[in-house]
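Okay, so chain A shows up in both of these, paired with chain B first and chain C after.
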Partner chain A sequence: MSRTRSAAEEKTVNKDESCAPPPLLEVTDLSVEFRTPAGQVRAVDGLSYRVEAGRTLAIVGESGSGKSVSSLAVLGLLPDTATVTAGTARLDGVDLLALSRKEHRARCGDQVAMVFQDALAALNPVHTVGYQLTEALRARRGMSRADARKRAVELLDLVKVPNAKARVKEYPHEFSGGMRQRVMIASALSLDPAVLIADEPTTALDVTVQAQVLRLLAEIQAERQMGLVLITHDLGVVAGVADDVTVMYAGRAVEQAPVVPAYTAPAHPYTRALLRSIPSASGTGRLSVIPGRPPSLAARPSGCPFHPRCDAARDVCRTEVPPAAVPAKGRMSACHFASDIMAGQEPAPDGADEHSTGRTTAAGNAAATAFDRGDDRGDSGGDHG
Partner chain B sequence: MAEPVLEVRDLVKHYPVRNGLLRRSVSAVKAVDGVSLTLDRGRTLGLVGESGSGKSTLARVLVGVETPTSGQVLVDGEDVSRLSRAGRKQLRRDVQMVFQDPYTSLNPRMSVNEIVGEPFAIHGIDPAGGRRAAVSELLELVGLDPDHANRYPHQFSGGQRQRVGIARALALRPKILVCDEPVSALDVSVQGQVINLLEDLQAELGLSYLFVAHDLGVVRHIAHDVAVMYLGRIVEQGAEAEVYDAAQHPYTQALLSAVPVPDPSVRLVTSSRPVEPTPVAGPVETRVPTSSTGSVGAIGSVGPTGSVGAIVLEGDPPSPVDPPSGCPFHTRCWLAPTLPEARTDAAPAQPPAGRPDLGLRLVPTMCETDVPALVPRSADTSPGAASDVSHVVACHFARELVDPRVEV
Partner chain C sequence: MSDAATPTPTVPRGSGASSSPVADAWRTLRRRPDTIAAAAVLVFFAVMAAFPRLFTDTSPRSCPIREARTAPQGWGGEHPLGTDALGCDVLATMVHGVRPSLLLAIVVVGVSLVIGVTLGLLAGYYLGWVDYLVSRTVEVFLVIPLLLAALLVLSLFKGVDLGAGTFDVILLPAVVLILFGWMPYARYVRAATLEAKNLDYVTAARSLGASDLRIMGRHVLPNAIGTVTALLPTSVAGVISAEAVLSFLGIGVRPPATSWGIQIEQGSQWVLGGSPHVLLAPLICLVATVLALVVLGDALRDALDPRLSS
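Showing the complex of A and B:
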């Protein structure tokens, strides 16, 4: 069956990748649950990803798909109502999730930093920007006040805040949104982390300022060979800056791929639908939308969690959870028909062919070969919208 | 025939800045500095511009949360400032607002049912079928599960919270919806649903929208007309296709150029990564080289083939307390220093206050001294070419931009 085949293929792929430089951060099979009045709900369900030096991994997904929760779990910042029920997050060979809360936070502070979604809320209004920038330095590195101030100016300079010397004495409300986000980035960089997780760092910013901030992040990343996890819902931003993409749906990774093939030949119907729903310059008619809404965590659909909204769903989707298929080298798609979708074909209709799964695999192999040749199957994706 | 439902004439909103012990008003934040607009019934006017350009202030004045310093707002031909108290209350029903910030605009201690139903309570309205049913319907309308009506804002993700705000604004079936970044916090699939929903409601109920958004793709889709704001003024305005496909103002062009497009062959940032660690099978990545110095490459358009990020504006807009003389955009304008006029009659422009790092910029004297009027572009002087009076631009050199020169 294709499912066992896929699992085997996945192992091979993983083995191949172990020859590549070891990832800075490797999250494996992460699951996070919340205690709610309605009972235990799973916000993150078996998420795996790896972050390599100098590369940008974009995590995209709809609201509530678990992007922030998974990052908070990695950083040990989950609220008390949440529990990590499975998984590891290896940083330098150490599983962060196996550490005590205190050890976890201590280790993260130094090596994994986070830029939060809402810069104004994350900054303390009663302290100067300079004070906040160096709080961690003074606390963790025992830096003197004078040294801390000097370092704060350097950090503001680093993120290109003009007049850094004068501006360290100002308060967050005196900064514009873009400048505040720069302060957040500077603060996250203060301990020189190996990995930076940026949760919607430019969502609140104007396109002009977004371009500046993304460029700044890319420059700093390249200079320090930092691993960057960029959480966003903007597929334009992903296309513009990411090297790899993880698409999340209902707490799971549904597609993982390098950015170019993900856009030109998405292997999961959800990715395809997301790309089609972007308002395009030419489209003036109705926007293509994904019907319905993401499932509530308490009532996750059976089988494939995307099946109630999927335009390619077949009978099998309602009953069987799709495994992590590998439709081409370096790609993952949690869809029963990953290879068909990637090849731009619709899966065979229900009952049309007893051996449909076999054919799917064959199509998958053909697609994989096409990729090795560097075929540009640009039209199988969803740039039309 | 176009029938205006909302007219704004020379609207000014200044916030006094008080200084010193005497708390005397010494200067003002010129948040909105002379804006005139017309919104036709059943149409959508998109308003774009950087943060701080005055879009939200304008929006707040329009919904009556703020009183203008001067100028007029006419709803259905009636001057709002002349209305009685009862008239103003009616205006508040007719002009509703969807707020920018889903985190702070919802009262955390109220359930969704109370939040969405509150306008009924405030205005003493009992919708047919009861409030509860009306709220359920509204929640359904915006793509929320009506079974979640008893939940509180913190139990929703950011996107879900924004939808609660939209449901609330729609409760009283207003004539005009002023939407301040209504879909900015939403994911693309949901964004599409909300935009389609807004379009449906518009067709069904003849609603008119003033639609503020920083996503130019979204504005392009939903708006019939587009106005571009900079430092409290409109710098360009016209039909959507005119503004997007034939932008005349250098600021509009810079905005359009900064929009990331969902095409990975168009990179927003140059990658200086030494080697690709994992060989990627598939189409070769082409990285469009972009400069980080603010110099100008080719003019991009919002489209998959545009060279995104070709024009990068430096810094933030200047302070609206002390806007630059002449053209308010002259301290950041990428075009002005490239004009031949800048070389011949060059007078060194002062670096913006507090920004000595920006150094000297040579711009045409005219840009520094004369405020450009918002006028129809006079590009085509050939006889018979009816100049498009609905496409207006505030730039002395707008006509030069038909074929933008590229810095060499």
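Showing the complex of A and C:
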């Protein structure tokens, strides 16, 4: 698994650090492939994101969009059939993905920990809650049994489980769904990680409990200035909790932006379509839906992976993979017409943009040029409109 | 003494925690009368194994030939269950045969369990070449007919003097039965490990930096052992029957020690000669023990398997 980093890559990282506060976790160009009978399937394709202290990044996407796989890769928890084929995940200046298994393990839980979706499945049915909360502390910090018990009670108090003292002796099946998820969070916090990755932490809970758990996560995060990665498919959750959002589709980030602008002026047709398909209390008529299904990763559509379902697809979308455009500061959208979409306009019809197709081909795919070109692209899109 | 602990399957592992899966299993077990009856049968034989003198004063080795093939005389008579073809007291032989039979069963099942669980866990957890090695070995041992291999091994070592202590008399059959008895445990545990190791709680433990050994020992094994625990009573029954077969062929527990198997072998020669009791007495005991263990195994499986008990 040794990966050599190019000098150029090193330089860009340094440049980033000089102009912004160093992120706690920075994932760059992450690609994960699965071995399947049908051949190699790329589940995550060139994903980049950064998590800063005290901020929450939401990763949103449909099932199979690669959002969970990307976080499992960061923690080194990928199944045997999957391999990281490219990219880095820098945590505290160290590339986790280049570490040996043992070194990687030493950082898991300690610096980055994970909250799982189904807390009942993620808690071992044969051990008491107290045991599971402090297993890591006892095994890795050599904590004594008595201290561990005390710490378990503190942790349960931290996540607001009532009557913590008595409940540490109980088994996971004796807890309700919301309480189990709190236990799960407490166990992830047991080693004081700098970054917490929560993989759909509220999907298995009903709405009221969901709100409580999210509030709890937000409180703990604010208190400890933790970086939080919230993986979800619930845009409501994102709006309530997150600072930044990364929308994933077919293994790629299609839009990255702070939450408020992303919601008010989405720069990618997929984000726009997702937002339109949220039922609203005042809405009348039929709920808008995204037609079709997410593509099979083994048979990815040519060009933009979203084009078969996109309501703004043009000829160029069918042939050219859209580069990462920067329609506004701090935003990224992998769409040929990012600026148009963000401005609330439809892209020009097919006949009008022949010259831009040529330009896209010339521009190539290198990320740096793509960013610059994205701005041009936006301008020319404006001309057409 | 381990003899007295024969009915351990009734009391699940662990030291009676108040509200644990073990306690739940115990509660379910208690409600079933057939379980209680089966446990009583086993306790009875366990006591017999530990204290044979409680049941008979006659030595199994005093065999006055003139009293050969006495019919059963009922309780109070000199030979309650009669005598066999050599004049040995059937009851005494039977009572003294319990200990080697049960001891052998416990030793064989215990050691096979340890071997099978270890190999199955490693194979299921690491897969790759470890799994290849273990699985192929399991298959090789499975295709060799037990009886054939046992016959071969035992005849090879028949002349070796191993002494006459409690364990010495069962050593050879124990080794052979272990050699050909560990595979089912390895397969069951391997399958259960494959299932358990991809569950979220294992991933969760790994996300907190747990080592492979810890994950196997503390997270996978306790959840994978359930199916095997329920398999144990039936295995004990299987070993007793197998020993009977080996003894029947003259290569089981070594004389002068007796076992049910030896007794059944001798008794079978006189069934049609007017003395069926010589066969029936040990046979009934064997069937009762095996039946009790099977009932217990069933109950234990129901109690431990969450899919059946919920």
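The rule we apply is simple: the second predicted complex is superposed on the first by the 333 of 385 C-alpha atoms of A that agree within 3 Å, B and C clash if a C-alpha of one lies under 4 Å from a C-alpha of the other, contacts with A are read in each partner's own complex, and residues count from 1 in each chain.
FYI, a contact is a pair of C-beta atoms (placed from the backbone, for glycine too) under 8 Å apart; a residue touches a chain by one contact, two chains touch by 3 or more.
Just so we're clear, the structure is a prediction, and the values are computed from it rather than from any experiment.
Colleague: Following superposition onto chain A, is the placement of chain B relative to chain C best described as a clash or a fit?
Modeller: They fit side by side.
Colleague: A:Ala121 contacts which: chain B (first), chain C (second), both, neither?
Modeller: both
Colleague: Give the label of whichever partner, chain B or chain C, reaches more residues of chain A.
Modeller: Here the partner covering more residues of chain A is B.
Colleague: Is A:Ser176 in contact with chain B, with chain C, with both, or with neither (first, second, both, neither)?
Modeller: In the superposition, A:Ser176 contacts chain B only.
Colleague: Between chain B (first) and chain C (second), which does A:Ser31 come into contact with in this model arrangement: first, second, both, or neither?
Modeller: neither
Colleague: If you stack the two complexes on chain A, which partner ends up touching A:Leu75: first (chain B), second (chain C), both, or neither?
Modeller: second
Colleague: Is A:Gly61 touching anything from chain B or chain C once the two structures are fitted on A? First, second, both or neither.
Modeller: first
Colleague: Once the shared chain is lined up, is A:Ser339 touching chain B (first), chain C (second), both, or neither of them?
Modeller: Neither: A:Ser339 stays clear of chain B and chain C.
Colleague: Is A:Ala222 touching the first partner chain B, the second partner chain C, both, or neither of them?
Modeller: First partner only, chain B.
Colleague: If we overlay the two complexes on their shared chain A, which of chain B and chain C does A:Val259 touch? Say first, second, both or neither.
Modeller: After superposing on A, A:Val259 lies in contact with chain B but is clear of chain C.
Colleague: Quick check for you: in the superposed arrangement, does A:Ala106 touch first (chain B), second (chain C), both or neither?
Modeller: In the superposed model, A:Ala106 contacts chain C only, not chain B.
Colleague: For the superposed model, what is the least distance in angstrom between any CA atom of chain B and any CA atom of chain C?
Modeller: In the combined three-chain model, chain B comes within 8 Å of chain C at the C-alpha level.
Colleague: I'd like to check the shared interface: which positions of chain A are touched by both chain B and chain C across the two complexes?
Modeller: In the superposed arrangement, which is not itself an observed complex, chain A uses residues 117-118, 121 for both chain B and chain C.
Colleague: Which residues, counting only chain B, touch chain A once they are in their complex?
Modeller: 50-52, 103, 143-145, 148, 156-160, 184-193, 195-196, 199, 214-218, 220-221, 244, 254-255, 258-274, 277-278, 280-285, 290, 292, 301-304, 308-309, 312-313, 315-316, 354-358
Colleague: Quick one: in the complex, what on chain A touches chain B?
Modeller: Touch list, chain A to chain B: 17, 20-21, 52-55, 61-64, 117-118, 121, 162-163, 176-179, 203-212, 214-215, 217-219, 222, 233-243, 258-265, 273-275, 277-284, 286-290, 293, 296, 328-330, 371-372, 374-376, 378, 383.
Colleague: Quick check: in the complex, which residue numbers of chain A touch chain C?
Modeller: Interface residues on chain A, with respect to chain C: 72, 75, 77, 79-80, 105-110, 113-114, 116-118, 121-127, 135-136, 139-140, 170-171, 174, 184, 187-188, 190-191.
Colleague: Write out the stretch or stretches of chain C touching chain A in their complex.
Modeller: Touch residues, chain C against chain A: 19-21, 127, 198-201, 203-211, 214, 218-219, 222-223, 306.
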